[in-house]
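In what follows, structures are represented as structure tokens.
You will see subunit A twice below: alongside subunit B first, and alongside subunit C after that.
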Partner chain A sequence: MAASFTLVGWNRFKRSYDVALIAGIVLFFAAHVGAGILGTPAGQAPSELQVVIRASGAAAFSLLTFILCIGPLARLTPRALPLLYNRRHLGVACFLIALVHGALVVLWYHGFSQVNAFISLLVSNPRYDSFGGFPFESLGLGALLILFVMAATSHDFWNAVLGPRLWKALHMGVYAAYGLLVAHVMLGAAQGETGLVQAALAGGSALIVAGLHVAAGQREAARDGAAADPGEGWLDAGLAAEIADGRAVIIVPPEGERIAVFRDGAKVYAVANACRHQGGPLGEGRILDGCIVCPWHGFQYRPEDGCSPPPYTEKIQTYRTRITEGRVFVEAAPQPPGTAIAPSVIGEAG
Partner chain B sequence: MNADMAAMIWLGLGVYLGLGLLIGLGVAAFGLTRLTPGAAHMPWRVRLLILPGLTALWPVVLLRLAGVRPKEDRP
Partner chain C sequence: MADDPFFVGWQDNVPKLSRRKVLAAGAGLALGAGALGLGLGLKPPAPGPGVWDQGRKLAMTGTIYPEPYLHLLTEDLGGGPRPVFLVGQGKDRVTVRPALTFTGAAVTGTMIARGEHAMMAVDDVYADPAPGRVMPGPETDLGEVLMTGEILDAKCWFGAMRPGHGKTHKACASLCAQGGLPLAFCETGRCGEGKAALLFLDARGRAFGPEIIPLVADPVLIRGRIFEVSGLRQVRVALQDVVRL
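What follows is the complex of A and B.
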């Protein structure tokens, strides 16, 4: 959370995170390059540049696979939340590694061509009408362009300028990039001598990513189904006493975004569930020192008006609530972001 | 795809990004606070950091400068 834009809002955790990231990348490269050199029979050894090309490609693909696993893992277990905190640095690192891979490919495989290297990249394999022989280089280039846009817009400045919805929609492009990369590997590296291993690794990675997303989606759908109960413009959020103090239940209106219904002592508030920052699930956070704290990056909002405490300026929608016979009801229609609404109080007549 | 088509693709990409770089430099120097008030007094190193994004998304940046706000910020 920042009132002004800085290069990186460093803290101890972010430094540790990045040190682990760099160490992981170095170890991956060392292992991959070592295996590439030592594991190849004498006389068939690839050049050092080819080994680095393969290692950088494998590193970018593996890192993107890891990045895509973090989101659903964090929905399945809170223990994965620390991985999510600085995920954007993983994304930028992934783009930079992919850029190195692409630059070395252009240099090594197309730099000595009779035609311009970049034109050669697109036309050296002209089988664009083939499925099995489609030019995998173009698929990789497409993925690289998507990763570039995502890395270039990863700073919080872009969240403020684009708005959370457009920013989120833009960054959902990561799935298109991953699909392109899976096809890039299948039609490229997997066609070589170690093709079966490459195909199994790429396919297995894609299956893991898909499986985690399905599992997280099913869990969310089960929870959503149990919560919502629309009636005359008000939603039944369940028994007030069953909401843990400082925590929330999440309900789904017939239309629109999820709603987080918080209890703070005897007071009950309802706000939009999506954080203004990156759409984190506020309802999975808690109230600390009088503010709702997003579990993803720690953004804070006052439950009574949905405003971040000064000097911060983020605002989320708020909802009217009432308590009848111990049950919390939430008006389905949201109030404009930042609208102050008096809480319902447990124990008072509804 | 033939070489002419490939050349056209790269030319189109180059023109788009070249135009974006010019617009991005102008916006990074003079127009950031019109995009978001929080960008006031933004250090130059941060402006450089967001320059690739300004280059890539210059049509959206121009829309924002023209007053088209994000959906969430509209009354």
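What follows is the complex of A and C.
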């Protein structure tokens, strides 16, 4: 949360997360490089540097594929939520691996010549008018630049400076980067193979990412389709007794953002469903220690006024509620962020 | 209050059940990454048997000829006069004083070799009258040919890079061609594991100029004539008979 900023706020989970990340990267590289060098016939080993170039490219692509799967997986199952927390560490690692890949490519394929290596990168293959012959290096460079911008602005400091909307829009560039990388592999390494393995893997990865996003999108669309009918400006959120204690139901107004209706003991509150941090679904979170906790990154809000507890400053919209014959109704019109609203109390109304 | 575990990443005390699951998932993902790396690393593109032993300095004697590409014609390799192409350490040609050409010379450097093909990354060249003048063998016309394949830079394909062909190598091949290094031609399907390539020359048996660079490393169809000179086969092709596929 955004009261002050430290480079990384370490805790045990974050250390474990990064240990697993580093172990995964080391194992991937060791296995890939080992297989590349030892798996070839005697006397025909590929250049060590080219093996590392290949391994780093495969690692960056695989890691980005994994990163892009986490978002929709977390929408489909809460078991994936721990992966979402600290996802930015994966993103920064992905950029660094891609940077190693790009630097080695520039050195090896474009260096050792009278021509400037960076100019060579863009002009050595001038077939920009061809599909099959397209200079795939420029696609990789484009993806690397996007990954750099994302890695450089991944810290919450930039989220606070740029604002959640701009920051989110900027980081949606990851999809452009992934598209460029798929094309980079298809028009580069995949064309150098005699079989279709590389093409099938790159295409299959893209299909998995797309498939998970479609599945998550369908689930969200089905939820939106079940929007509560407004009655005189009030939305029916269902029976109060059916809301689990400390949890919420999410309702969808005909216009505007989703609303999370929380129950805390006998009290019922309604707040905007989107977290101010990265738009996480607050209604899928919990009330812990009197605060709503976002399931994505643990941002907290008081249910009674939508304000983060001091010293934090985030605020979300709140909604008036009432309970009639055991059913919770929420006023469709939101109150300004941070507006205190008295909760409805189960058993008092009727 | 719901009492089932709820994961909050910034908490110091992740619930016990979550912690066990998180650790198992982390270990599983790390091992999965290793398995994925192993799978993706298997069967890399075949580089072929080219070798550049940069740790072993050699000296060879013979006669230096500047055309079609700078080479030392030597009998040091056995089996009569054989050409050893002379190149720089990087992606550029090496220059030799005219006084050292067409006469006995000694060259030091490191060998780049693939099959019967030989090239030397030159450290030094000096006069050495001992071998006398080594004369090229007769030129034999082996007839017309129509082939598909790839125009390569010979240095990388001989062993400077492994592999040194295909689209991922196009930029490097273009730089080598621009630097005046010898060009060769490999037939489709033989660029990877093949041991032999054809020296690639224009229809008059001379090195191509920069006009050939855009076609380097692309799949092409060529029509030309094959010649054999001093044990090395050449394909001589007019530029208009090189068609990109």
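To be clear about the criterion, the second predicted complex is superposed on the first by the 336 of 350 C-alpha atoms of A that agree within 3 Å, B and C clash if a C-alpha of one lies under 4 Å from a C-alpha of the other, contacts with A are read in each partner's own complex, and residues count from 1 in each chain.
To be clear about the criterion, contacts are C-beta pairs under 8 Å (C-beta built on N, C-alpha and C of every residue); 3 or more make two chains touch, one makes a residue touch a chain.
Just so you know, these numbers come straight off a predicted model, no measurement behind them.
Chemist: For subunit A, which side has the bigger count of touched residues, subunit B or subunit C?
Modeler: C
Chemist: Which holds for A:165: it touches subunit B only (first), subunit C only (second), both, or neither?
Modeler: first
Chemist: So, does A:35 touch the first partner subunit B, the second partner subunit C, both, or neither?
Modeler: second
Chemist: After the superposition on A, what does A:119 contact: first (subunit B), second (subunit C), both or neither?
Modeler: Only subunit B; A:119 stays clear of subunit C.
Chemist: Report for A:133: first if it touches subunit B alone, second if subunit C alone, otherwise both or neither.
Modeler: It touches subunit C, and subunit B stays clear.
Chemist: Of the two partner chains, subunit B (first) and subunit C (second), which one does A:153 touch, if any: first, second, both, or neither?
Modeler: first
Chemist: Given the touch rule stated above, what does A:263 touch, subunit B (first), subunit C (second), both, or neither?
Modeler: Once the two structures are laid over each other on A, A:263 reaches no partner at all.
Chemist: Which partner does A:336 contact after superposing on A: first (subunit B), second (subunit C), both, neither?
Modeler: In the superposition, A:336 touches subunit B alone.
Chemist: Now for A:277: first (subunit B), second (subunit C), both, or neither, which partner does it touch?
Modeler: Touch partners of A:277: none, neither subunit B nor subunit C.
Chemist: Do subunit B and subunit C touch any of the same residues on subunit A, and if so, which?
Modeler: The answer is residues 115, 121, 126 of subunit A.
Chemist: For subunit C, which residues count as touching subunit A in their complex?
Modeler: Touching subunit A from subunit C are residues 1-2, 6-12, 14, 18-19, 21-23, 25-27, 29-38, 40-49, 51, 89-92, 161-163, 166-172, 174-176, 178-179, 189, 192-193, 214, 218, 244.
Chemist: Could you pull out which subunit A residues touch subunit C in their complex?
Modeler: Residues in contact with subunit C: 9, 11-14, 16-17, 19-21, 23-25, 27-36, 39-40, 43-47, 50-51, 54-55, 58-59, 62, 78-79, 81-83, 85-86, 108-115, 120-121, 124-127, 133, 135-137, 187-189, 191-194, 197, 201, 244-247, 264-265, 285-288, 293, 295, 297-298.
Chemist: So in the complex, the part of subunit A that touches subunit B is made up of which residues?
Modeler: Its residues touching subunit B are 3-7, 115-116, 118-119, 121-123, 126, 128, 148-149, 151-153, 155, 157-158, 160-166, 276, 313, 336-337.
Chemist: Could you list, by residue number, the parts of subunit B that touch subunit A in their complex?
Modeler: Listed in rising order, the residues are 1-3, 6-7, 9-10, 35-36, 38-43, 45-46, 49-50, 52-53, 55-57, 60-61, 64, 69-73, 75.
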